[in-house]
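In the two complexes below, chain A is the common chain; its partner is chain B in one and chain C in the other.
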Partner chain A sequence: MLIYILKRLVYVTPVAIGVSIVCFLLVHITPGDPLSAILPSDATLELQEQMRAAYGFDKPLPVQYALWFWKVIHGDLGTSLATGRPVASEVGRAVSNTFILSTTATLIGFTFGTFFGFVAGYFRDSWLDKLASGISVLGVSVPHYWLGMVLVIIFSAQLGWLPPTGAGPDGSGGWRPDLEHLRYIILPAITMSVIPMGVISRTVRALVGDILNQEFVQALRAKGLGEYGVFKHVVTNAAPTALAIMGLQLGYLLGGSILIETVFSWPGTGFLLNAAIFQRDLPLLQGTILVLAMFFVALNLIVDVVQTALDPRIQRG
Partner chain B sequence: MAIATADIALPATKRVSRGYWTDVGRRLSRDPVAMTAACIVLLIVLAAIFAPYVAPADPYKGSMIRRLKPIWDANYILGSDELGRDMLTRLIYGGRLSLFMGGLPVALAFVIGSSVGIFAGYVGGWANTLIMRTIDVFYAFPSVLLAIALSGALGAGILNAIVSLTIVFIPQITRVAEAVTTQIRTRDYVEAARVSGAGPLTIIRVHVLGNVLGPIFVYATSLISVSMILASGLSFLGLGSKPPEPEWGLMLNTLRTAIYVQPLVAALPGAMIFITSISFNLFSDGLRSAMEVKQ
Partner chain C sequence: MSAAPLVDVKGLTVDFAGSAKPVRAVSGVDLTLAKGEVLALLGESGSGKTVTMRALMRLLPKSARIGGQVRVAGRDVLALAPDELAAMRGPVVSMVFQEPGIALDPVYRLGDQIAEAVMRHEGASRSQGRARALELFERVRIPSAARRLDNYPHEMSGGMRQRAMIALALSCHPKVLLADEPTTALDATVQIQILLLLRELQRELGLAVMFVTHDIGVAVEVADRIAVMYAGRIVETGSCARVVQAPQHPYTQGLLASRAGHVFAKGERLGTIPGSPPDLANPPPGCAFAPRCKVAEAICTKDLPREYQAEPGHVARCVRLAPAPATVAA
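The block that comes next holds the complex of A and B.
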């Protein structure tokens, strides 16, 4: 197992370096200069040169990358052009808010997704299967930013039950686990949970169908095991894959929360990205994307390792 | 035994010999869900193409005194938007940009991704390793994040949004293309063709393309729904089309302020994205089972 983990680490390192190169180059595919966005249009050439040298933009690209990479692995993601604060601290605060929202959404999605998936897989081709499959198609096809708006229209504008935006009564502050803050997380979390619900229910339906068709299930039934006993076997067999899908979905939500966070003004990474894009704050954009992508790479690695540990059928080659 | 089956199978082969694609078409036409979805897509596409003839009004002409009228208003069948423009007209015209921005990236990624993937899968060796490891790097980004990161860095605009989405979908299609090509390459008939002296281009054209394009195509159609949602999402964020252009995502964004006044009208553009995306999804599912592609 230890050797397997080491092998995965060796495999993941070049991917992680590649990701960092893509994030680094993001700033350089922009038209013009990263600085042109913040310099006043009447800045003298001399001032422009000074600023360029101060930010290191006058050096060749590979040198810039090496310097940037060295700083990044020491936890320095640069300084935000808009606020002048270190990017690392801005991202850190936002990541925790996004993490809370994504985890809640993944758990909701996993609970309902496995439920629908099991029902559909057990009663293949019945009306229950068609209903559950229909719900999962809805889940993967709905534009989630629109669903968020519709939920706000119904539960905030019309019924007035839940607050439409923000993470708490103090507006865009951090989220805390108490009753008042709980009301604020319900709508964005439900909106976000729809995608993992659809994906997980599709996967679990296929898994359960495959498992029930295998000979060992027939053997279990033939030797007289009750439906509950068979069900336990199905769960044990489906669990590793279902959990792996859940882990990956959490990663997608962490990185893909920007649209939902914009709809609900949730003070997370998506909100930060939105601000970074429209203030042309490229260091902030770069830093946020790097952190989110690295999260995703790490999560993939963890999912791989956990799935291999749980599932003895996977070769640890 | 073998002779007996061959005898019985003879009349059957005559019936099947109409060809694979005829069979696929027949199976698809017997799938009510897929056919309904295809009709809805066709309707929306035709309405978008012939928008000037179908739409009841001018999509840009507003009226300051007739803003945010409700659905079934005397002058506006589907109400009017925050600048007093006819919603039905703008929804019909909106399909033009939304379908274009959602469809073109998938089409481009299909061409580029399958070329790269078939090449990598057929050649194998270090070229395969190099290409697929590069693809892995892009795969390491969640697709929404990569799309927003790229168009955020490139700046707002329709062209930049299309470029970003194309870059997002190329790795996904390349992976599928590489996987199916690698499978086909080791088949006996490809080996036989090689031994009998066929060049690599002939083998790819005759033996590989026919067998791999189907599965890749089905996969690509399943991406259209995601692409539509993402493209409109970029416009929703202000990274795609610009006002006053009618585009569903952008319309949804500008109508957000109206959710307390005309909630139904405000939700309409999103409903169009939803209907289009679910129709593409259902059609793609139907196509997959009609072509008997295992996923």
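The block that comes next holds the complex of A and C.
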């Protein structure tokens, strides 16, 4: 198993380097000078040259990349042009906020998704199946920012039960695990959970239906197992795929939550990306994208490893 | 041994409530199986052998309606509650499936699959169950049994998997073993080993065995009696020797065509008969074989023939066996 993990790590290295090159080039392929956003338009040529040298933009590209890469692996992602704070700390805080929101949403989605999926798969074509499948189709097809706004209107504006935006009462943007902060995560997490719930429930439904039709289920009944005994086997057979889907959904949420984070002003990576784009804060944009991309690479690796560990049929070659 | 037979089936019917018209896969099967007896079920594909066999354990999809009477070891199988039925599957009747590759759970270790059955029926602990599994693996002669217990099904060859399947079927000391083409999925040399193993276990344990095969040589070698099925009915039953040497029903004669009197070699498949079996959703009124029968008479397409005795223990559903006019006049 250890050898398998090492092997996968070796395979992943070129991908990671490729990703870093793309991120690096991002700054140089965007139209306009990266400094033009912060320099006053009437800056003297001399000042422009000075700034260019200060940011290292005057050196040849490969040298710039090597310098940048060297800094990156030491945890230095540069300085935000807009705030002057280190990009690494901005991104770090955003990542932890997004991570908390996405994990909560995925867990909620996984719990309800597997529940609906099992019900629908077990009672195929009954009204229970139609109900559960209907809910999950709704989950995948309803635009989530719209759902977010509807929830805010009902639970914040009308009923006043939950705060509409932000990650905490102090407005500092950091989420902490206490009761007061918990109230802030409920609406965005539920809104976000609708996507993984729909996907997971549909997958599990198909999976369960497929497993129940297999010959070995007949053989399990033939050795005297009751519904509960058979259910345990169905769960064990469905688990590797269901968990893999959950992992991929988590990854998807971690990267693709700009809309929800913006609707709820949740200070995560999506919110940060949004800000970086609109302020043309290229170092911040570069750092955020790099971190997200690396995260995806790592996530795929983890999903592969976990699935291999869970499913004896996959060869650990 | 004058007691009631271990398996006693009367007028068994199985209908599949399908999309359009219900399909009558089994229409009135009578069968008995005594303790320690081996019965071979022969017949073309689609004649209802698998469905009949599974009906004995009520192992059919929800769309199946089972009628008639099935008694196994004194139990009225069709009247059992779900938990009584589950309690019977394993210690009373168990089944060896045709393809062990798909009949074993792919993500459970083989030892645990056997231990699970022992734990379920005997309230044993997991380690006791594993101990039983080891015993059985040795009994079915799986080499390095202790190590093999931790294998997953895909890690074994087809023959070894079928041995494991047999071990599983025997795990709770059943009285009746049902085997649906237990060797068709295997290659020829392995087939023979598995058959020899089954016969040996059957003799040692005094099992009653019902098995489906397409191989007459196997039937002759392993079985005491043969039952021939056609379109959901048993058309002829009798001792192996009699059925093979003096088949009474034209269908059986067709199957054995040009073979009568000759010794059957293992591996010899049943012959084929021109024409095709009737549509089970629209069965013909009389004898189902009449449309393909060379010696059919007018009456054959009208009334369903009843069973006539050729000699004690050898019966066939064919009017040609009817005793001459005396009965008609009475």
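Everything below uses one rule, namely that the second predicted complex is superposed on the first by the 316 of 317 C-alpha atoms of A that agree within 3 Å, B and C clash if a C-alpha of one lies under 4 Å from a C-alpha of the other, contacts with A are read in each partner's own complex, and residues count from 1 in each chain.
Criterion: a contact is a pair of C-beta atoms (placed from the backbone, for glycine too) under 8 Å apart; a residue touches a chain by one contact, two chains touch by 3 or more.
Computed from a predicted model, the values in this text were never measured in an experiment.
> Identify whether chain B and chain C fit side by side or clash on chain A in the overlaid structures.
fit
> One more residue to check, A:A54. First (chain B), second (chain C), both or neither?
neither
> Which partner chains sit in contact with A:K223 here, chain B, chain C, both or neither? Use first/second/both/neither.
Touch partner of A:K223: chain C, not chain B.
> Return first, second, both or neither, reflecting whether A:W146 touches chain B, chain C, both chains, or no partner chain.
First partner only, chain B.
> Once the shared chain is lined up, is A:L285 touching chain B (first), chain C (second), both, or neither of them?
A:L285 sits against chain B, while chain C stays out of touch.
> Just to be sure I read the superposition right, which of the two partners does A:R313 touch: chain B = first, chain C = second, or both, or neither?
Only chain C is touched by A:R313; chain B is not.
> With the two complexes superposed on chain A, say which partner A:N237 touches: chain B (first), chain C (second), both, or neither.
Second partner only, chain C.
> So which one touches more of the residues on chain A, chain B or chain C?
The partner making contact with more of chain A's residues is B.
> Where does A:A276 make contact in the superposed view: on chain B (first), on chain C (second), on both, or on neither?
first
> Once both structures are overlaid on their shared chain, how near does any Cα of chain B get to a Cα of chain C? Whole angstrom is fine.
Least C-alpha distance after superposition: 8 Å.
> Please identify the positions on chain A that touch both chain B and chain C, taking each partner from its own complex.
After superposing on chain A, no chain A residue contacts both chain B and chain C.
> Please give the residue numbers of chain C that touch chain A in the complex, ascending.
Touch list, chain C to chain A: 57, 59, 82-83, 86-91, 94-95, 97, 99, 102-108, 116-117, 120-121, 152, 154, 168-169, 171-172.
> Help me check something: in the complex, which residues belonging to chain B touch chain A?
Going through chain B, the ones touching chain A are 133-134, 136-138, 140-145, 148-150, 152-155, 225, 229, 232-233, 236-239, 252, 256, 259-260, 263, 266-267, 269-271, 273-274, 277-278, 281-282, 285.
> Residue numbers of chain A touching chain B in their complex, please.
14-16, 18-19, 21-23, 26-27, 29-31, 137-138, 140-147, 149-150, 152-153, 157-158, 251-252, 254-256, 258-259, 262-263, 273-274, 276-278, 282, 285, 289, 292-293, 296-297, 300
> Help me check something: in the complex, which residues belonging to chain A touch chain C?
214-216, 218-226, 229, 233, 236-237, 240, 311-313
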